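Let me begin by presenting the structure, written as C-alpha cells, before commenting on it.
Labels run A, B, C and D following the written order; every chain starts at residue 1.
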Amino acid sequence: MQSVNQYFLNIYIAIKSVLIGMSITFRHLFTKSVTVQYPRERLPIPGTSRNLLLNKIEDCIGCDQCVRVCPVNCITMDTIKVFPEDDLGLASDGSKKRLWLPRFDIDMAKCCYCGLCTYPCPTECLIMTDEYEYATYERNDLVFKFTDLDPIQIAELKEKDHIRSMEKEKKKLETAKQAAAKPGKNGGKSGEGT
Amino acid sequence: MIQAEYYNIFVKIIDQLAVLDFLPPVWKFILASVIAALVFFHVIAIFALVAIWVERKVAGHIQDRLGPMETGWHGVLQTLADAIKLLIKEDIIAGGIDRRLFVLAPVIVFMTALAVFVVFPVGENFIVSDLNIGILYIVAISTLVVPGIIMAGWSSNNKWSLFGAMRSAAQIVSYEVPVGLAIVCAVMAAGSLSMQTIVESQAGGFWNWFIFSKFPFGFIAFFIYFVASLAEINRTPFDLPEAESEIVAGYMTEYSGMRWSFFFLAEYGNMLAVGAIATTLFLGGWQTPISLLSFIPGPVWFTAKTMFLVFVHIWLRWTLPRLRVDQLMYMCWKVLTPFAFVSIFGIGLWMTF
Amino acid sequence: MIGKDIIFIIFAVITVGSAALVVFSKKIIYAAFSLMLSLFGVAALFVFLNADFLAAVQVIVYVGGILVLILFGVLLTVKISSDNVISHLSQRIWGSIAAVGMFVLIFIAITRTNWTILDKSEDVVYYPQSEAIGIQLLTNYILPFEVASILLLAALIGAMFLVRPENK
Amino acid sequence: MPEIKTDDVYIELGKHPKAGFATDDMILQMGPQHPSTHGVLRIECVTDGEIIKKATCHIGYLHRCFEKHAENVMWQGVIPFTDRMDYLASMGQNFSYVITVEKLMGIEVPERAEYMRVITAELQRIASHLMAYGTYGMDIGAFTPFLWAFREREYVLDLFEKLCGARLLYNYMWIGGVSHDVYDGFAEECMSFLDTFERVVFEEFNPILTYNKIFIERTANVGILSPELAIDYGITGPCLRGSGVDWDLRRDDPYSIYDRFDFEVITGKGEMGTVGDCWDRFMVRVLEMIESVKIIRQALQQMPEGPIMNEKIKKVIRVPAGRVYGRTEAPRGELGYYLISDGKGRGPNRLKARSPCFSNLSVLEEISRGCMLADLIAIIGSLDIVLGCVDR
C-alpha cells in the first residue's frame, strides 16, 4: 500500500512541480529584459574601470617601476640619459625629467589588465582608461607606441648616446691605464692587452 | 488507390482547370500529388522559419533577454538569414563515413515528417486526402522515422551519434505504445479511423470535444498523447537523443549545412504534426468552440489550436530539465501505459452505457 | 490507364530490386535498409489492391517493429568501428534450388487461378476495410484472434523471463 | 582483503562462458571538447552500453605553469595569476594568497580592509555558487535557470566593476590591504541586491530547478559520496559538507575576521535521497548563498572607517625568509598556498597551491563507477570543478 501511495504521490508531485515551473516561466515572458542592445545601447563604464593603458609621455620620467612590476612583461622601455645641454623640463609632480624616452611600447595583446603598473607610477602618468573597443585585424597593431620623439630624433639621440658611451669607455680605459701605469708594469700590460 | 471516395482538394482544383483537360485522370492525380507535396514542403519550411523565430523570442523573454532583434522587425528575418547561411555552408562529409546512408538519412527523416501532413483535416473541405484509415496511416508513417535515425547514427561512424540513434530508436519505439493507446481512446469515442469523421463527431461546442466530453478519461488520454508525443518528436524534457550536455548532438553530431537543416525542418515539422494530431483527436479540429464564433472559418480555428499546442511545446522546453534513460522508460511503461489502459477502459464503459 | 501501370511498375521494381539487394549486398546494414524499402514497396502494392488497412499494418509491424529489431541486432552485435560487416554468399546451390522451386510454385498458382472475377467489373467499388476486418475479427474469427493474442502474451512473458537477471 | 573469484572477474568483463553473451566494452572519449566537462577535461570512459565501468580523468589541457611562473614575478605580481586559477572565484583566490603572504610578513591589515575583503569574498562566493547553480541546471538539461543565474551574477559583477574596475579578474586584494576603497553608495547598492537576491532564490531558483521533480529524480541518490570516502580523498568545501561533514574553515579555523559573524555551516541532510548525493551537494551551494547574504549584511553594518592599506607596505615588497602555509575557504573548498621565501628575492622562491578542484575531481572515478552516462554528467556538474583551478 505504501508503494502504491508513493506511486500516485510521485505523479502528483511531478505534475505539480512542472506546473509551478511553467507558471514561473510564463510570468517571466512579460518581465522587462535585463540585457542591452550592445552597439547601440551601452552600459555606463565606472570611473575605476581598467581597460586600455595610456601613458602621458610628457609626464613620464622613465623610472622603470611599471616595467619591473608587470607580471607579464608587456611594457618595453628604452631610456637615454639626458645630455648636459638638454633640458626636458619638469614632470607634473615637480620632479626633474632626466631621461629621454626613445621607446615606450605597451603590448596590449599581452596585458592582463591587473593594474599593478599604474599603482607605483610616481607621476601618475600611466593610467588605465575606460576605452575598451580597440580590436584590430593585425596583432602588431595592438602594440601601442607612446614615445613623442620622431624617428630622426631617436636616431640622432642614439648616435649621440653612442658617442657619449664610447667617450666614456675611452675615458674609463684611460683612467684605468693611468691607474695601472702608476703602481707597476703588471697592470699596464693587462691594460694594453685589452 | 485512386478512388472517388478519397476526397482530395488538390484533385478537385486540378479538375476544374480547363487548360489541363487533355490529361488523363491519373496524370491529373499525379500532378495534384506533386503540387500537394510542394505545398506542404513550403508549409513546413515557412512554419519552421516562423516557429524557430517564435521559439527564440519565447526563450529570450522567458530568460529575461530579448532574443533576436537585429534582422528585420524584432529579428523576424533572423531565421531566414540563418537558413541562407545553412544553404551556402560547406557540405562536410567527414572521413570514415558511410556516404550513401549518410546522405539518405536526412531525406528519410524529412520525408516522414512531410508525408504525415496528407491526412490533416485543416477545414471542412480542406484536406488533401481523407483516408479511411487516416490515423492508422499517421502511426504507420511515423514509425518510418526510426530506421532513418538509426541510419543517421550508424553511418556517422561516431560513438555519440550511435548513442543518440540508439536512444532515439528505443524512445520512439517505446512511446509508440502510449501514443497508440491514447489514439485508440479518440478512435473509440468517434467510432472511425478517418480524421474527418473524428472531427465531425466532435461538432457542437467545446464541451463536445473529446478532451471534455468524456471527462476525465478524454482528458487523461489527451494528456498522455501530449506527453508521449513530446517524447516521440524528441522535445524537452525527453530530448535525450540530442541532449547536448550528454551526447553532444546525438545522431546529428556529424551533420552540417543543408543536411543538418533537414533534420531541423523535420523536427519542427513533427512539432506541427503532433500539434495538429492532438487538435484533431481531442480538441475538435476545425470546429468552433462555441457557435457564436462560427463566423470564423474552420482553418483559422485549426491553425490557432495547433499553434497553441506548439507554443506549449516551446514553453515546456524552456522550463524543464531532462529525464534520464531509465526514468524515460519508467514513465512510458509504468505511468503512461497503465493510465492509457485505464482511459481506454473508461471510454469503453462510457460508450457502452 | 498507362499512368497507373507506370506507378505499379515503379513500385514493383522497387520491391523486387531492393529484395535482390537484400540477398546480394555484401554489407549486412545495407541489406537491412534494403529490406525496409522492400517491405515498404509491398505496402504500396497492398494499396494498389485497395487493402489500405493491410498496407498500414504492414508498415507498422514490419518496418516499425521487425526491421527495427533487425537493425538493433546488427548494431549491437558488431563493433561500429569495424567496417567489415560482410555477409557471404554460401550455399548458393541449395539456395537457388529453393528459390527456383518457390518461384515455380507461385507461378503455377498464378496461372491456375481464375482471375476473371475481377475483370468483369471495370471500376472496383471501394469499401472501407478496417470496419469489416474489425467486425470479422470480433465475431467469426474471435477464437483465432484470441489464440494469437495468447501466443503473443506467452512470447512476451518468455522474453521477460529470459532477460531477467539471475538471482544472486 | 576480500577474496576475488575468477568467475566474478569474468562476469565483470562480460566474457564468462555462463554469462551467455560475449559483450565488448566501448571506450568513449569524453572531451576535451565536450559541452559539459566544464572546460578542457578529458574523461576516458569505459562503458558497457550506457553504464560507466570506469571513468579516468585526463587533466592538463589548461596547464599554465602558474606555480613556476610565480617564482619569476614580484610578490604582488602573483596576485593576477591567482585570479586566473579559479577564474569564477577570483576574490577567494586573491584572499588566500594575500593572507598567506601577510602571515609570512607578520603584518596587520587595517580593519576596514578586512571588512572589504570579507564582503567581496562572500559576494564572490555568491557569484561562484550562482554559476554552479546555472551550469548544473544546464547539465541536467534546463537552460533557463542558467541565464537567470547569470542575471543575478551580473549584479555582483557590476558591483565589483564599480568597486575595482574589473569584472572577472579583479586583482583587488593586495598585500596589506585592498586596492580600492568603496565608492559612495556601495552599501546601499549591495543591500538592495541582497534583498532581491534572497527573494529570487526562494521564489524563482528553488521552485524552477531545486524542487523540480525531474531534477530531483536526476540528482537524488546519484553519485553518493560517503563522508568517509570524502575525507579519504581530501574533498573540501561544499562537496564535503554535502556528504554531511560539518567542516568549514571560516568557522573551524577562522582567518581574517570571520569569527565576528554569525552564520551557519550548511551540511547535506539527505533530504531527497541519501546523504552525499548530487542533490545534497547542489542544495548546500544554494543554501550557502543565503548564508553569505547574512555575512555580508553583518559586515556592511559593522564596517568601520579608516585606511584600506597598511602604511608599512612599500612599493617593492620585502618578505622575510621563511616558509608558511595559509588556507581559506574558497567557494570550491579549502584553498591553500605554501610559500617559501629566502628573504632576498623580490618574489616567492617556491609557491605551491593546494587547489580544491583538483582534490574534488580526484574522487570522480570512485563515485562514477557503475552509473549511467547521464549520471556521470550530473556528478561532474555537482563536483563543480573549474579546470583553471585543476590544472593551474
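The definition used in the following text is that a contact is a pair of C-beta atoms (placed from the backbone, for glycine too) under 8 Å apart; a residue touches a chain by one contact, two chains touch by 3 or more.
In this text the structure is predicted, and so the values were computed from the model without any measurement.
Asks: Counting C-beta pairs in contact, which chain pair has more, B-C or A-B?
Replies: Most contacts of the two pairs: B-C.
Asks: Distance between subunit A and subunit B based on Cα centroids, please, to the nearest Å.
Replies: Whole-Å distance between the two chain centres: 59.
Asks: Between subunit A and subunit C, what is the gap in Å from one C-alpha centre to the other?
Replies: Centre-to-centre distance between subunit A and subunit C: 76 Å.
Asks: Nearest whole angstrom, what separates the Cα centre of subunit B from the Cα centre of subunit C?
Replies: Result: the chain centres lie 27 Å from each other.
Asks: At least two partner chains per residue is the criterion; list those residues in subunit A.
Replies: 18, 21, 24-25, 34 - these are the residues of subunit A that touch more than one other chain.
Asks: Among all residues of subunit B, which ones touch two or more of the remaining chains?
Replies: 62-65, 159, 318-320
Asks: If every chain is a node and each touching pair gets an edge, what shape is that graph: line, ring, star, complete or other?
Replies: other
Asks: Using the touch rule from the top, collect the residues of subunit B that touch subunit D in their complex.
Replies: 59, 62-65, 159, 163, 236-237, 239-240, 243-248, 318-327
Asks: Which subunit A residues qualify as touching subunit D in the complex?
Replies: 10, 13-14, 16-18, 20-21, 24-25, 34, 46, 48-50, 65, 68-72, 112-116, 119-120, 128
Asks: Using the touch rule from the top, collect the residues of subunit C that touch subunit B in their complex.
Replies: Touch residues, subunit C against subunit B: 1-4, 7, 29-30, 33, 36, 40, 43, 47-48, 50, 52-53, 55-57, 59-60, 63-65, 67-68, 71-72, 75, 80-81, 126, 128-130.
Asks: Can you name the residues of subunit A that touch subunit B in the complex?
Replies: 11, 18, 21-22, 24-26, 28-35, 37
Asks: Name, in rising order, each residue of subunit D that touches subunit A in their complex.
Replies: 73-74, 76-81, 83-84, 144, 151, 154, 161-166, 169, 171, 179-180, 183, 203-204, 207-208, 211-214, 315
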